[in-house]
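Just so it is clear, A, B, C and D label the chains in written order, and each chain counts residues from 1 on its own.
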Amino acid sequence: MSKPKVAFFDFACCEGCQLQVANLGEMVLDLIDIVDIVEFREVMSEKWDGEFDVSFIEGSITDEHAVERVKKIREKSKILVALGSCATIGGVNGMKNSFNLEEAGRYVYGEAYKFFPTIHTKAVHQVVRVDYFINGCPIYQPEFLTVLKCILKGLPYYVPEYPVCVECKLNENVCMYDRGLTCMGPVTKAGCNSWCINNGNICYGCRGLTINPNSQGFKDVLKKFGIPEDFLMKKIEMYNKCKELDES
Amino acid sequence: MKIEQYRLIEKSRIKEFLNKLISIYNVVAPVEKGFNNFAFEQIRTADEVRLNYIPTILPPKKYFLPKKETILEFELGDELKVEPVTEYENLVLFGVHTCDIAGIKCLNMVLSDRPKDTAYLIRKKHITIIGIECNNYCDDYASCSFVGAHIPTTGYDLMFTELSEHFIVHVHSSKGMEIVEKTEMFKGADQNTIEELKILRNNKLKVFNNEIPTERRYIPDLFDRSFNATVWQELESKCLSCGNCTAVCPTCYCFDIKEDVELSLKRGERYRVWFSCQLDPFAKVAGGIDFRRERSARQRHRFYRKFRYHIDRYGMIFCTGCGRCSRTCMAGINLKEVLTSLIRESEAKIWRKWL
Amino acid sequence: MAKVVIKDSPYNLKRARILEVKTQTEKEKLFKLVFEDKTWLDFEPGQFIMVSLMGIGEIPVSVCSSPLNRHYFEICVRAVGKVTNSLHKLKAGDVIGVRGPYGNGFPIKLIEGHDLLIIAGGLGIAPLRSLILYAIDNRRDFGEIHILFGCKTPGELLFSDEIDEWSKRLDIHFACTVDRADPDWKGNVGLITSLIPGVDIDPIRTYAAVVGPPVMYKFVIKELLTKGLPVDQILLSFERHMKCGMGKCGRCQIQNLYCCKDGPVFTFKEIMDMAEAL
Amino acid sequence: MSRNVNINVNYLTRVEGHGNIVVKIKDGKLDECKLEIVESPRFFEAFLRGRSIFEAPHITCRICGICSCGHTLASIQAAEDALGIKPTEQTTLLRKLLLHYEELDSHILHIYLLVAPDLLGVPSFVPLVKSHLNVVKRALKMKRLCNELCDILVGRHVHPISAVIGGFSKLPSTQDLEQMHGKLVELEKDMEDTVELFASLRFPEFERDTEYVGLINDEKEYPLLYGDIGSTDGYRVSKYDYKVVVNEFVVPHASAKRTKWHRESYAVGALARFNLNYEKLHPKAKEAATALNIKPKCINPYLNTVAQIVESVHCIEDAKSIIENIWQKGINYDEIVIPDINQKGAFPLRAGEGVGAVEVPRGLLIHHYECDERGIITGANCVIPTNQNTHNIELDMVDLIPKIMDKSEEEITLALEMLVRAYDPCISCSVHMIDLRID
């Protein structure tokens, strides 16, 4: 059986998730043992004209050109994977959606802004069908490998439906609420092994909201800790602004 | 109280004892994590140990039923090659509170019930428990006297109780005796110290009052009447379904079973991880139906698991009064308050019937 | 950390070889299995086994063959997800892992000497087939046998050749219905509950065994109670999420009952006051 | 010789971000030559406005995954400057350590995975697995070690977790220090082999004098984390005057903003630092420079890669001594900082303006913020190394093409690609992206 042809494509993003793959160290060798990486622009010059068995899409869709390009990739790919927060939920790029696009452009580029046509930031599934989601900003390598193995074995991957707190408790961290801080852990999908909290920081919600968050309860918690609601809304916006497009 | 079973060690020598213990065994003890949080961790020197601590973030169940535990190793291929395995370690758990010992007893009940959980039993055999008695409440969250876990009874190898000058040590097993002998730091107890212990225990009855306005024996009845209590509905809007309360509970043992294969796709393992009835996928079946969809139903289930169901099955309350679930809940769901509300509500109903 | 192999682990698996795979419908396949060590799966109708595909997962599945069959045992699996879809890709000769049987099964000893009313919805026929085959093999130990079978469309009818046979037998009363008919369908159309009023049973002498999708139970039970069946003669088998099958993992709990250990077969009496059961 | 050549490298590979090279040669004369940046703009500076300045490092490090530690450090510096927070000595040491890890990680990625394939005549590292397995293995191992170093210090290399305004939200334990030291010693050996390997490889010969710009200061150590902005033409200004340096202007053929200081263009990056601060390099790094046959002032842009190797040696050695230093002093765990948002009011807020200037792997990086009295960002500007280099790269190409005009189209293309790649451009970084395509 020939090895599946795998490609990596990037859109508006920091390319950190691709880098997480390149950063697998010696495991990269095991990886190319089982798959045939045919395009990976960040570290390879090879290009591939045929079909892709698996395409990893990194980054958000932020202009018409990107919409066309991702649609073409979809057509040529048997399986399409959204890689990282920018692709799965819009990520930090979504913060742009809170602004008037023209004004934002003008702020960064002055009058030249017209040469940078832009549209509201979209997650990949808001433009084309996505088969697998790998959340995180950046992706958590163990989860990437788990999903990859699922893909190769033709199995579905279920993104954990429970919050980061579950993993955080298992790591026996001191809860940020005990430290008087606001943490997005209770409303954020797990799967990162509570990476940030393990390292002394709070969870910023980069993996997206849990499927069934108790928003009222969360607001009450914030009230209890004396945290204004708009503060929280801003926090949610940091990664989850594009969710609005799902709902509308 | 048989005097032969008791030993003494001067309070000032406890560090010396711990260092000696460390030189012989792998010792796990409570250490400080900051912000009034503690954890059981393997220690390297006695200085790390906190004798005065409130219950650790995770209970010692993590050593008996690890957070993640391989249960099968297998090779992939046409033939089915599997090997059930377990990992264990010789450990001495030092400084375990009586509530946590009660928790381990609950785990014992469940996991030695048929079919026996072999892996658990093997691990348990290799763990020695040195308890430390609390002469006072840890904090307001505790409700150990309500469930009767505040006085040491069984479930340990050695039990340290602090007296004015000594720790009096109850030697409860030959494993405990081995430690006494190997560390060579204990002397026999005398009648005075035994008296002191008796007085202390009597005093405890006053210090540890009943934290919940009912008695333990009324609990089954209370819960039989409370399935549709309004408290549960209140929890619906409060609970965040974060699963913190069950993760930290010394008697929660529900788990998930998953598998992982190597990148080569040649070998893999099947493992179990802690899981929680508070989480979304817990009771969902393949068709997508969730038999406990409401957060209120899940919280109710948690309380019934602690205070009702297991009384029928194992004759025990599965709450140790450690207070962890209330301490950890950021939504402020407090076990003592919930129980009190249940009691008030059911009393009101009974009164109405009488009038 | 020392690692040891524990052969007596309750999670240990037995190797079972697939003798034959029969496609039943679009979504269901029937697997004929035998243990490699030539031992025999000793089970009661209604019990289930845990089926393992290494690296993919382990799921509970009812045994659907006759417990008296000493040559092989059968499972009928609907492809819905990870394990079940992967199972469908297997062929005769492949080996899978099995542990069990688990659960209580139907209380045969109680049922014997009584009439039997079997009500199956969709895949619910799988555990009931085992009971039916047992009753047929021991026909004289039972009174009247009624089988009511319903499914969504004619295409989803399982074990159709056997059903033909059952419907021809004189010692079995068989009726079948579909929710939605197709042009070729000649039989009843309507929900399974519509068949119940028509069966001629003596409620006091009858045990009803009901298995089907969760929505079905409430309505069927209502009909059965209308017929006058005593609550402890209505037997129900439930599906819950199960991971260990041994009353430990907590996933399948219905209030204080473990579906895997105390069930999956319950009398209506046991669960009628339980909010989480139906 | 009258020859028409059209080169259009769509999506330059093995660089960070999307860029194209467009070259038109008409009748043997260079008609058009540009480096187009086609990365989709992400508007960071626009959406930073209205956010708490305490979130700035978390957000801006997402400008680029490869140099996210560098962005974090520049952002922290700018924010602390605006708020008037002075880092402690321990914090400064650990930040220097982090910056070293960043340089190492990025340089190794660039040297081995991006440049080495060109020098060995293959399109990527994948064919090297067959022909040069030990080289690939070494590269991947070094990469892993660098990642592990970052993991220990700040949780991860891509978007570091525990480096925050005010210090660190987690401090390394003594075992952590031991582990990091051990890994650096391991890297040291591999680095020697790296120097040996690259000393044996031939780089293209091409020289063009330009102004090299980077941080300089009066201290003994090789300046990376702070200093004034200086150039090989002998100029020096404070970081607050960065606008004088980056001096944005528009080129007619592409109506894009570029930067220049005293000349047509200037260059930043490893080679610039090497030229500016050679004397301050660790003796071992100087030895490596000799072995690699590079000395200041080197004006062959292709040798930027070689300067990176020299710097890597320096980083390993200096990181080791920083750890030894911390070891001796002992870590003060009371300095652990509450992360983010200043929720506990750990630092007094004030209206202010601050600039951060840090030498990141690809050169001088500047973050500049203004905030109001609630600490809400009212204005932001980031100047990215690659932006500063773009014009210099183009001028290099203009100079280079006539010299290689007689070669085949493939050879010209490869030479140009290698040139661009030598600068290690980081195109997603270009939030301030200025190159346009106008019809």
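The definition used in the following text is that contacts are C-beta pairs under 8 Å (C-beta built on N, C-alpha and C of every residue); 3 or more make two chains touch, one makes a residue touch a chain.
Computed from a prediction, not measured in an experiment: that's the story for all the values here.
Here the largest set of C-beta contact pairs joins the chains A-D.
Chain centres defined as mean CA positions place A nearest to the mean of all protein CA atoms.
Taking each chain's centre as the average of its CA atoms, subunit A and subunit D sit 25 Å apart. One inter-chain figure worth recording: subunit B and subunit D are separated by 52 Å, centre to centre, where each centre is the mean of the chain's CA atoms. Averaging Cα coordinates per chain places subunit A and subunit C 43 Å apart. One finds 38 Å separating the Cα centroids of subunit A and subunit B. Among the residues of subunit A, those in touch with two or more other chains are 153, 179. Residue positions of subunit D touching 2 or more other chains: none. Taken residue by residue, subunit C touches two or more other chains at 55-56, 81, whereas all remaining positions touch fewer.
Shown here, the protein chains touch in an arrangement that is not a line, ring, star or fully connected set. All chain pairs that touch, listed by label, are A-B, A-C, A-D, B-C.
By the touch rule above, subunit C contacts subunit A in their complex via residues 55-56, 81-82, 86. Residues of subunit A touching subunit D in their complex: 10-20, 22-26, 28-29, 32, 37, 40-46, 59, 62-63, 65-66, 91-93, 95-96, 98-99, 103-105, 107-109, 112, 115-116, 118, 137-138, 179-182, 195-196, 198-202, 204, 227, 234, 238.
On the subunit B side of its complex with subunit C, the touching residues are 71-72, 74-76, 78-80, 82-89, 110-111, 113, 115-119, 122, 227, 253-259, 261, 265, 268, 270, 272, 275, 277, 282-287, 289, 291-292, 297, 301, 304-305, 308-309, 312-313. The residues of subunit A lying in touch with subunit B in their complex are 27, 30-31, 33-34, 145-146, 148-149, 152-153, 158, 160-163, 165-166, 169-170, 172-175, 177-179, 185-187, 210-214, 216-218, 220-221, 224. Every residue of subunit A that touches subunit C in the complex is listed here, in rising order: 153-156.
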